[in-house]
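Sharing a structure here in structure tokens format.
Naming follows writing order (A, B, C and D), and every chain is counted from residue 1.
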Amino acid sequence: MKIIITDTYEEMSKVTAQHLLGYMYQDRRVNLSITAGTTPIKMYELLVPEVKAKSYFDNVHYYNFDEIPNRKEGREGVTISDLRKFFFTPAGISETHIHKLDHNNWQQQDEQIAADGGLDVILLGIGADGHYCGNLPGTTTFADQTSRVECDAAMKERIGRLFESSDEIPDYYVTMGPRSVMAAKHIILFASGTKKAEIIKRLVDGSVDQAIQASILKMHPHITLILDKDAASLL
Amino acid sequence: MKIIITDTYEEMSKVTAQHLLGYMYQDRRVNLSITAGTTPIKMYELLVPEVKAKSYFDNVHYYNFDEIPNRKEGREGVTISDLRKFFFTPAGISETHIHKLDHNNWQQQDEQIAADGGLDVILLGIGADGHYCGNLPGTTTFADQTSRVECDAAMKERIGRLFESSDEIPDYYVTMGPRSVMAAKHIILFASGTKKAEIIKRLVDGSVDQAIQASILKMHPHITLILDKDAASLL
Amino acid sequence: MKIIITDTYEEMSKVTAQHLLGYMYQDRRVNLSITAGTTPIKMYELLVPEVKAKSYFDNVHYYNFDEIPNRKEGREGVTISDLRKFFFTPAGISETHIHKLDHNNWQQQDEQIAADGGLDVILLGIGADGHYCGNLPGTTTFADQTSRVECDAAMKERIGRLFESSDEIPDYYVTMGPRSVMAAKHIILFASGTKKAEIIKRLVDGSVDQAIQASILKMHPHITLILDKDAASLL
Amino acid sequence: MKIIITDTYEEMSKVTAQHLLGYMYQDRRVNLSITAGTTPIKMYELLVPEVKAKSYFDNVHYYNFDEIPNRKEGREGVTISDLRKFFFTPAGISETHIHKLDHNNWQQQDEQIAADGGLDVILLGIGADGHYCGNLPGTTTFADQTSRVECDAAMKERIGRLFESSDEIPDYYVTMGPRSVMAAKHIILFASGTKKAEIIKRLVDGSVDQAIQASILKMHPHITLILDKDAASLL
């Protein structure tokens, strides 16, 4: 495990962007799975001008690793909408290079990625509760591949804020499971802020335990943590 | 996870030897960690004539991944003695290419292997109880790197048969922990016989659970199982 | 450049087969380009029983690197016919895994191989005149990719013995050019017999010179020579 | 060959720096050979703040690929002095990570680099005459490894401008030869300005010919050209 500690959120974002660019410049097909959410916002801001209209990145393919579907017909899910807003649309990524995971194709996701040559790198954020992708406490187990997770009332309340109206909130979401994530060649996990300090310490120093979903990630032979100094403050 | 099912113990041994040779022929330093025990006996029999006196394998370095020390002064441990008997001595491996793990250096093992470039491949057997290396049920935990394990009375009885007299039996042994093993670039696990069928099924289909030490191995992005058809009979 | 010197043609054949198997066992698509001719006959004899009916080699794809077409309608060329006879047919390789280079598709060969992920390894023989594939003296130049080579009278006489009747002899043949071969991730060149000793010495110790086609191969960052002691006798 | 065409010298410099950073972030020892001269000045300007005082780059080792010694006792050569001025000193690179090629150790350079694990990447500039490193027209030949090149009067005049006084000008210089450069795992060649347009066109479209030293580089299986639009204007 390589641990990179940066001074600020901005530096963390820049270093993470540089990691991705290092892969993207290769001269063969590169498969990236990238994260939505708030942590990457600055990173995408930095990445967009580097990537926009650059034909030398035509070898790069993008995968989303989870999706909360929208029940309204014809609406895309929360994750892909986020990725479009912050990256795919401003960066002008061709639709043929965007490989959506959704409620229709999740059962083919692991096989499809393997057939495409596997993920070169998967970029993960982490929740204060140790979740990553849609692997929340009490949902998937370590051995799970891409899965459908039923939403109970608590979960519906949690994800409700992501939708405009209650009739859009789905009964389930889909996510790459721990085993699907561990199949990537390289895992990058980034985190910012004191709210993440406790879980980062738990991940680095603690046991591997199903109660803390992210604890499995330290077992990957090639994982990099990119932290700002607040997130790293308890190490 | 690639699963190779062979017809016989002999074919399993040959296929495993061919996997190792595939690494050994490379034109740079290659670091192998290989197993003692009964499963590899035929494999070493096949490997010895391929390796003996071949200068084109001078790039290969060998590491043992566990050791049961012998309390009598000047005696080497059980694992290295086994590896010498079945492979290092008949194959004429130079002492400078044999990197012993023992009770003196186990605290440096993980760091030393990393400094040497990491393990290209680690070859593991598996016990019917799910143990591999010295990671027996109730000893190490998933997050452990190379560790010293104290021997209680039951363990001393278990390992007693490996020694000529009771005053040789040690109070502890050392082993690469689950996390050290998972750090290898490639894991090969081989198994033969119906006695292993149950644990192989458990490993392939079951959960990742500390009670079954080997269950963590399925989370490695690059693991190959080589089984004879008896060991694979419940898949 | 790694140089492996074996005692006999048989050992050279075995070591070369083991190199190929080392690649073939991988858990992802593997692209091999393999040679016809007399040098590999023993190697294919060894390889056939290892490969036949083994579903764990379903990840392996085969490419031929040159072809002398047969002018008679419906007849396959010399190289693919040879490969079928000595390897594809007895080993039961599925037609979907055999990627023929021929007079129809040679202009797409380099692009197709790149789209398929590139060649993991290309296995070459060498002529006493330094030719490999169809890169004979005075035909292609170093910078050439897959090419069509016109046959003059001398060439037609040379290749005539490969055909049953003179109306089958073509006016041209196709071959991966030096640059196409150099694009492979690993080059293995094998040679046997005193007739090859001079050209092997030339290759290893001599200059890089268009007059000796194989002289470029020593510039590849990852090339292995597998020689019997006769072919290596002048080193 | 991947060709990246950028709008300006600044963008070329940034993209090249990002390529290097992509390697440097890895979690194992990384060996870079980097160039002096005028082309990289902006790149080093961009790289210095990224690298300075960052302990997460402690895995990176630097090699210079040529050297023009200074005859005055105790003075370092031209190349290393340049690299110190533009990168090593402002970036605070530890002396233990700077592997100098000089007139004393050039005969061990190829072996030393191989023992260190090989070069992950070598960054080259190119002269309008096709030279790279110290491989000028009429000096080394393609098959040469690291070499000593004697300076005739014309060469002494050419390099004279690099020295303060004529008694510093050496009788010879040392350089990694074409074969040493081709042994790197990845070659990056960057070029800027219309003065380079002709040679870039020659390199991309032309033959492999000893008269044009850089022409060999297109035969490497993994080479990237990073050009500004002026240098690419004839493609």
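Operating definition for what follows: a contact is a pair of C-beta atoms (placed from the backbone, for glycine too) under 8 Å apart; a residue touches a chain by one contact, two chains touch by 3 or more.
All values derive from a computational prediction rather than experimental measurement.
Enquirer: Comparing the two chain pairs, does B-C have more C-beta contacts than B-D, or is it the other way round?
Expert: It is B-C, judged by the count of C-beta pairs in contact.
Enquirer: Any idea what the CA-fit rotation angle from chain A to chain C is, to the nearest 5 degrees?
Expert: 180
Enquirer: Nearest whole angstrom, what separates the Cα centre of chain B from the Cα centre of chain D?
Expert: That pair's centroid distance is 44 Å.
Enquirer: Can you compute the centre-to-centre distance for chain B and chain C, using the mean CA position of each chain? Integer Å is fine.
Expert: Chain B and chain C have C-alpha centres separated by 38 Å.
Enquirer: Two or more other chains touching the same residue: where does that happen in chain C?
Expert: 222
Enquirer: Examine which chains touch each other and state the graph shape they make (line, ring, star, complete, other).
Expert: complete
Enquirer: Quick one: which bits of chain B touch chain A in the complex? Just the residue numbers, please.
Expert: 141-143, 178-179, 182-185, 206-208, 210, 215-216, 218-222
Enquirer: Chain D touches which residues of chain B in the complex?
Expert: Per the stated touch rule, the residues are 28-29, 117-118.
Enquirer: Within their complex, state which residues of chain C touch chain B.
Expert: Within the complex, chain C contacts chain B at residues 1-5, 15, 18-19, 21-23, 25-27, 50, 56, 222, 224.
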